[in-house]
C-alpha cells in the first residue's frame, strides 16, 4: 500500500507525486523522491524497481521479508533491512522496514508493524537544513526512529528482570521465577538478534571505507551506531544476569529444601519421643515396678512432654525450627 | 555416474555432449561445459581431471569425501566442498556436493544424497541472462540450492525445541526432555559444523580480495552468505537455548523433588499422630483413669481424627499438600 | 551551573572570564579557554555551543546524559563521555563527565556527581609545563582524575568478595552468601560497563591513526589506557571468581545437606531401636518366658541402651554424627 | 641416533651419505640432503647444526623437547615443532618431530615415538615429481604423516564418547560415566593443545606473507591446514559435548534420586499403615467393643491388608512404584 | 638499593662504576651501562632518571609498583614491567622487575622478590657474543630469567591439581576438594594475570612494527614469547579443568548422597518390619488364636528375622546395601 510519495529539493518538500504519474516519478535536478510503502504488494515493489532500477536481489529480499538485519551496497545505492521490535501484551512482535536508498530516491517498505513513520517525515520536513544532506539522511532518520522504539522494549525487559530478582530471594516462587527467566532470556535473545547484526552492518558504513553516499551523514550514522551498542551491551548484560539468576534460583531452591529437611527432621525427632517412651511402658514384663506407682502415668506423660520440650528448645536454638 | 554434460554459450544451452566425445568436451569459444556427476567413480573423476586439468589435491578430496566444507582457489579455478544436510526419520543425513569451477567448465559431484539438482539446471536454463554470468553462476546456483535445503532442517530443529519447551514446565517428563535436548544439541552441532565453515569460506569470496572468477556474481554470493549467517545465528541461538533448557530442566526436577519431599513429610506427620496417641493409651500403668472411662475409646479415636484433621488443614494452608 | 571559566596561555592562567563576557570568551592567540559546568542547563550548553561551534549531536548527548562511554571526533574537536562511578552506602552511583575539546577550548560538564574536579584544575595550574601541551592535556587530566576514583570502587568490590569468600567455606550462611554474590556480580557488571567501552574508545586515540589533537599527550593517554586495562582485568577477574563462588556455594550447600541427612539418619536409626525392642516385649503371646523373669525389665532396658550405644559409637566412627 | 641421510637431486635419490663423511654432507648443486634422526643426542644435533648452520635457539628447543607446537622462521630457513599423538592402552602418548628446513637440507628429529617415518621417505621417493618441489615438500610430507596419525586418536576419543553416551541415559553408571567423561575431556584437551597451535602456526605459512621457501608447496600446506581444522573442530565438538554430557549425567542422577525417593516414600506409607491400626487395637481402654468380636482379629488383619492394597494401587497408578 | 652498575663495550665488561661517579655514568662510545637496583628509593630512581633521561610516567610507574605487566615505548627507549611470581609456603607471592632500556643503558629495578638476578649478569658476561647485541639483550636475559621462574610455579599448580583429581573420585573429601579447587583457581588466575598481558605486550615487539631497538634480539624475544604462550596455554588448561572438576565434585557428592539415601532407606525398611509384626501381636483382641500357641513367640521372632533377612538379601542384590 502506498502511503505517500513526495519530491524534495534543497531540503524542502516540492510536491506530492501521484502513484500513476509514472514517467515523472524520478527526481528532477539534484533533489530526491521519498516513497513510503506499507506491506507492499509484488506489483508495487516491481513498479518502484522499474522506476529506480533497484537490484533484483534486494527486491526479492524485501518481498520475502524475515531477512537478517543488514545494509548492502548495490553499486551506488544502499539497501537497509531494519528489524522492528515491538512489545504487545508481553510478547515481542517482529516487523521489518526495508529501505532502498539511491542518490535521487528513498523507498521505505514497512511490514508487520502497527505504528507508522509519518512522524519521521513530518520532523524531517521541519528541519530542511538536515534534509539537505540528501536521501541518505532520510535513511538515517528512519533508522533512528526504529532504534528509538527499541528502548521501551529494552526497558520492559529490564523491568521484568527487576521484578523477578525481587522474588528470587524471597522464596516460594521458584517455579514461576524459572519460567519467567526462561521467557525473558528468549526475548532478550530476540532483541539481540535484531540489534547485533544491524550494529555490525552499520559499523561498515563508518570509518575509512564507507560508501560515498553516506559521507555527509557520517556523524549521524555513528550516533545511531552508538545507540545500538548501548542497547546491545544492555541486552548482553540482561542475558548474562539471567544466567546467574537461574543458577541463584537453583541455589535458593536447594537451600530452602535443606531447611525444610531440617525442620521436618526436627519435628520427626520430637514426635518420635512419644512412641519410644510409650513403647517401654507398654511392655508386658511381669515385674515392672514403675507401672505400679500411683503417679506413674502422669509422670510418664510429664517425662514425654519434658523430653519433647528439651528437643524443641534445642532445635530452636540451632535455628532448625 | 554421469548425470549429464551440456555445453552452454551466451547463457543458452547449445547441446548435450556424450560421455565418450572426449576430445570435444572442452567448451568452444567463450562458453562453458557443465558436467554433473553422482557418486562418481575414480575413473569418472580421473576423466574430468584430465579434461579440465583439475588439481590433484582437489580431486583427491572429492574422492575421499567427508571433507570439511571449504572453498579453495587453485590457480584461476575454484573448488567448492558444500555439505548437504537432510533430515530423514528424525535423523540428520550428511551428504556432500563437490564443485570444480574454471572459466570454461563446472563439474559438480554429488555424494550420499537422495535428492538431485536437476531443478537447478532447469531453472538456470530458463534464465539465460543469469547464466550469461558464466560458470561461477552455476556454482552459485548449486550453492543456493543446497542452502535452501538447510532451512527445513533448521525448521525441524526449532519445532523440536518448541515441543520440548512446552513439556519442560509441565513436569513429569524430565527424563525424556533431557534425552531429547541432548540429541537436539548434537543435531544443532552437526548443522553448525556444516554451515559455519562454509560461511567462513564464502566470506573470502567477497570483499576486495575475491578471485576474479567470482566478480560477476559477487552480489549473489553475498546473498548466499547472508542466508548462511541467518542459519548460523539461528543454530547458535538453538544451542544457547538448549543450554539454558537443560539448566531449567534440572531446576524443575529439583523444585518438583522439593515439593514431593514436603508432601511426603506432611502425610508422614499426619500418620505419625495415630501411633503416638495409641502408644500412650497402650501403656500398662496400673492407674490410668482415662482407660476406665466409658467413652474413652471413642474419645481417643475422635482425638486422633481431630489431630490429623488439624494437621491436614494446616499443611493444606501452607500448600504442602 | 557555571563553576568557572579561565583563559590559559603557554600553560599559565591568564584570567577568569565572566559568564556574560560573551564576545571575548574565545581564547586569544594560541591559548585556550577552560569552561567547567555542573549539571548544565539547556541554556548554558547552548551558550557554549554557540561560542565554540560544538556539534549538535555532541551537545544533544550531553543534554540527555546516560550515554555509553565514548570518545568521538567531530572535525578537529573531540567529545568525551566519561562515566563517574562512586560508591555511596554500599550502592554504586553512576554520574557522567562530558568533555568537549577543541584546539582552543575545553568544556567539561559534570552530572550526577557529588565530588567536583577543582583539584584537577589546581594541580594543572601548578604544572605549567604540562598544561603547555594544550587543551587535550586538560581532557587527559580530567580523565585521569575520574579513573583514579574507580580504584576505591574496585577495592570495595574486592573487599566484599574477600569477606564473602571467608564465609563460603564456614557454612551456615549460604543464603546471605548467594544474595551478596549476586549483588556483587551486578556491581562488578556496572563498573565493567563503565570501564570497558571507555578503554576501547581510548584505544582509538593511541597508535598510528590517533587524532592530531592528541599527539602531544599520547604517552599520557596510553598511561590512562593502562590504568583502565588494569581495572578491567580486575573486574573480569571478580566476575569470573563470583561465577565460581556461586558454584562453590551450591556445592557447599549440597555437601552440608548430605551431612545433615546422614546425621539425621543416624539418630533416627538409634531412636528406632527402642520401639523395635519394646514392640517385641509388648506382644501378647501367652507363652513368653522372658516376660516372667525377675530382672527382665531392667535387662530389656539395658539391651536397648546397649544397642543404642553400639550404633552411636559406630556412627561416630564413620563421622556421621 | 641417525636413521639415514640421503642426497636428492631433481626429485631423485642420488646416494646415501655416511655419517662420518662430514665434509660432503652439504648438498651439491640444487639438490638437498635429507637427514633423519631419532632421539638425537647433543653430539648429533651439534653435528647437523655445524653442517647446516642451524640457529642456536632452534637447536636448543629440539634438545629440550616438550616445546609448544610451532613453525618459526630463522632467516631463509624454517623450524617445525610437530607434536606426535599416539594412543597406547587407552592413554595418550605425546611425542615430537622437529624439522629443520633450509633450501638445501631437511633434518627431522623424532622423539618419544614408537613408529618411524620410513614410509614417508619411501613414498616420497616413488613420487619424484613431488620431491622436485624441494626440501619444503619433505617437511610437508612429514607433517602430513603426523596429521594422518591424529585421526585414529580422534576416532578413539569419539568412540569412547559414543560408548559413554549410550550409558548416560540407561542409569546406574553415573559414577563411572563421570569418571570416563572427565578423563575423556582431558584427553581431548591434550589433543587440542597439540592441534590448535600447530594449525595457527601453519596458517602463517599460507596467504600473502608466506616465507618464499614455502611457495612451491602452498597448496599442500593449505591441505594440511584443512585437515588440522577438521580435527580441531571435531575436538572442540567433543569437548563441548562432554560439557553437556556432564550436566546431563548430573540431571539423570537427580532424576533417578527423585524416583528412588518417591518409591521409598510410597513403601514407607504402605508399611506405616500396619502399626497405626495395630496401635489402635493395642490400646488398653476398658470398653473397646471391637476387641470382643469373635472375628475382630481377622477383620483387623483384613482391614490392614485392604488399606495397604489401596495405597499400593494408588501409588502404582501414579507411577511412584 | 644499588646492587651494581657496570659499563660494557663490545659485549665485554669494562669496569664497575661507583654510585657517586655521577658525571661519568653514561656509557662511552657504543657500549652501555647496566644498572641493577633493588627496592629502589625515590632518590635512587630520580638519580637514574636524570642520568639517562627516563620518561616521567615510566619512573612514576616504577615507583608506585603493582603495575599491569606491559612493555612501553618512550621515544627510542623501552620500559618493561615484568611480574615476578614465586611460590612460598603454598602461597603465590607477586613481585615485579621494572626494566628501562635505551641504546646506551639498561636499568633494572627489582621489587618484592627474594631471589636476585646476579646469575643473569654472570651468565651474560660469559657469553660476550650475545651481550654484543646490546642493551636489549640484557632486557631479554632478565625477561627470560623471570619466565624461567614461572615454570616451577606452574608445576606446583599442576601437581596440586593432580593431587585433587586423585581424591575427587575417591569420595569423602568433597569439602576439602572444593576448597582446594577454589584456591587453585585463584592462583591459576593470578599466574594468568601475570603471564597473559606480558605475552600480549611482547607480541608487539615481534613482527613488522617492532621498535628498532629490538631488531637484533628478535629471535630471542620470539623465543620468550613462545615460553609465555606455553605457560599461558597450560594455565588456561588448568582453569578449564578446575571448572570441570568443580562440576564433577558436585556430581560425585550428589551421587554419593543418592547412595546414602538408598542405604538408609534399605535399613529403615528392614528395621520397620519388627514393629509392624510386633504391633499385630500386641493387639488386644479377645480371640487371637496365634497368641495361645505354645511356640507362638519363637515363631513370631523367627518370622521377623526371616522377613528382615529376605529384605536384606534383596537390597544386597540391588546393591543398595
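Labels for the chains are A, B, C, D and E, by order of writing; each one numbers its residues from 1.
The definition used in the following text is that a contact is a pair of C-beta atoms (placed from the backbone, for glycine too) under 8 Å apart; a residue touches a chain by one contact, two chains touch by 3 or more.
In this text, all values refer to a predicted model and were calculated from it rather than measured experimentally.
Separation of chain B from chain C in touch steps, taking the shortest path, is 2. Because chain C and chain E share one sequence, their contact can be compared position by position; here under half of the interface residue numbers appear on both sides.
Distance between chain A and chain D, defined via averaged C-alpha coordinates, is recorded as 40 Å.
With centres defined as mean CA coordinates, chain E is found 25 Å away from chain D.
Shown for chain A are the residues that touch two or more other chains, namely 247, 250, 254, 257, 261, 268, 275, 279, 282-284, 288. Taken as a graph of touching chains, this assembly is arranged as a ring, one closed cycle with exactly two partners per chain. With chain D taken as the origin and chain E fixing the direction of travel, the chains line up round the ring as D, E, C, A, B.
For chain A in complex with chain B, the touching residues are 55, 57, 61, 67-68, 70, 72, 74, 174-175, 178-179, 181-182, 185-186, 189, 193, 197, 243, 246-247, 249-250, 253-254, 256-257, 260-261, 264, 267-268, 271, 274-275, 277-279, 281-284, 288, 290-297, 300-301, 304. Of all the residues in chain C, the ones that touch chain E in their complex are 165, 168-169, 219-220, 222-223, 226, 229-230, 233, 237, 240-241, 244-245, 247-248, 250-252, 254-255, 257-258, 261-262, 265, 268-269, 272, 275-276, 279-280, 282-288.
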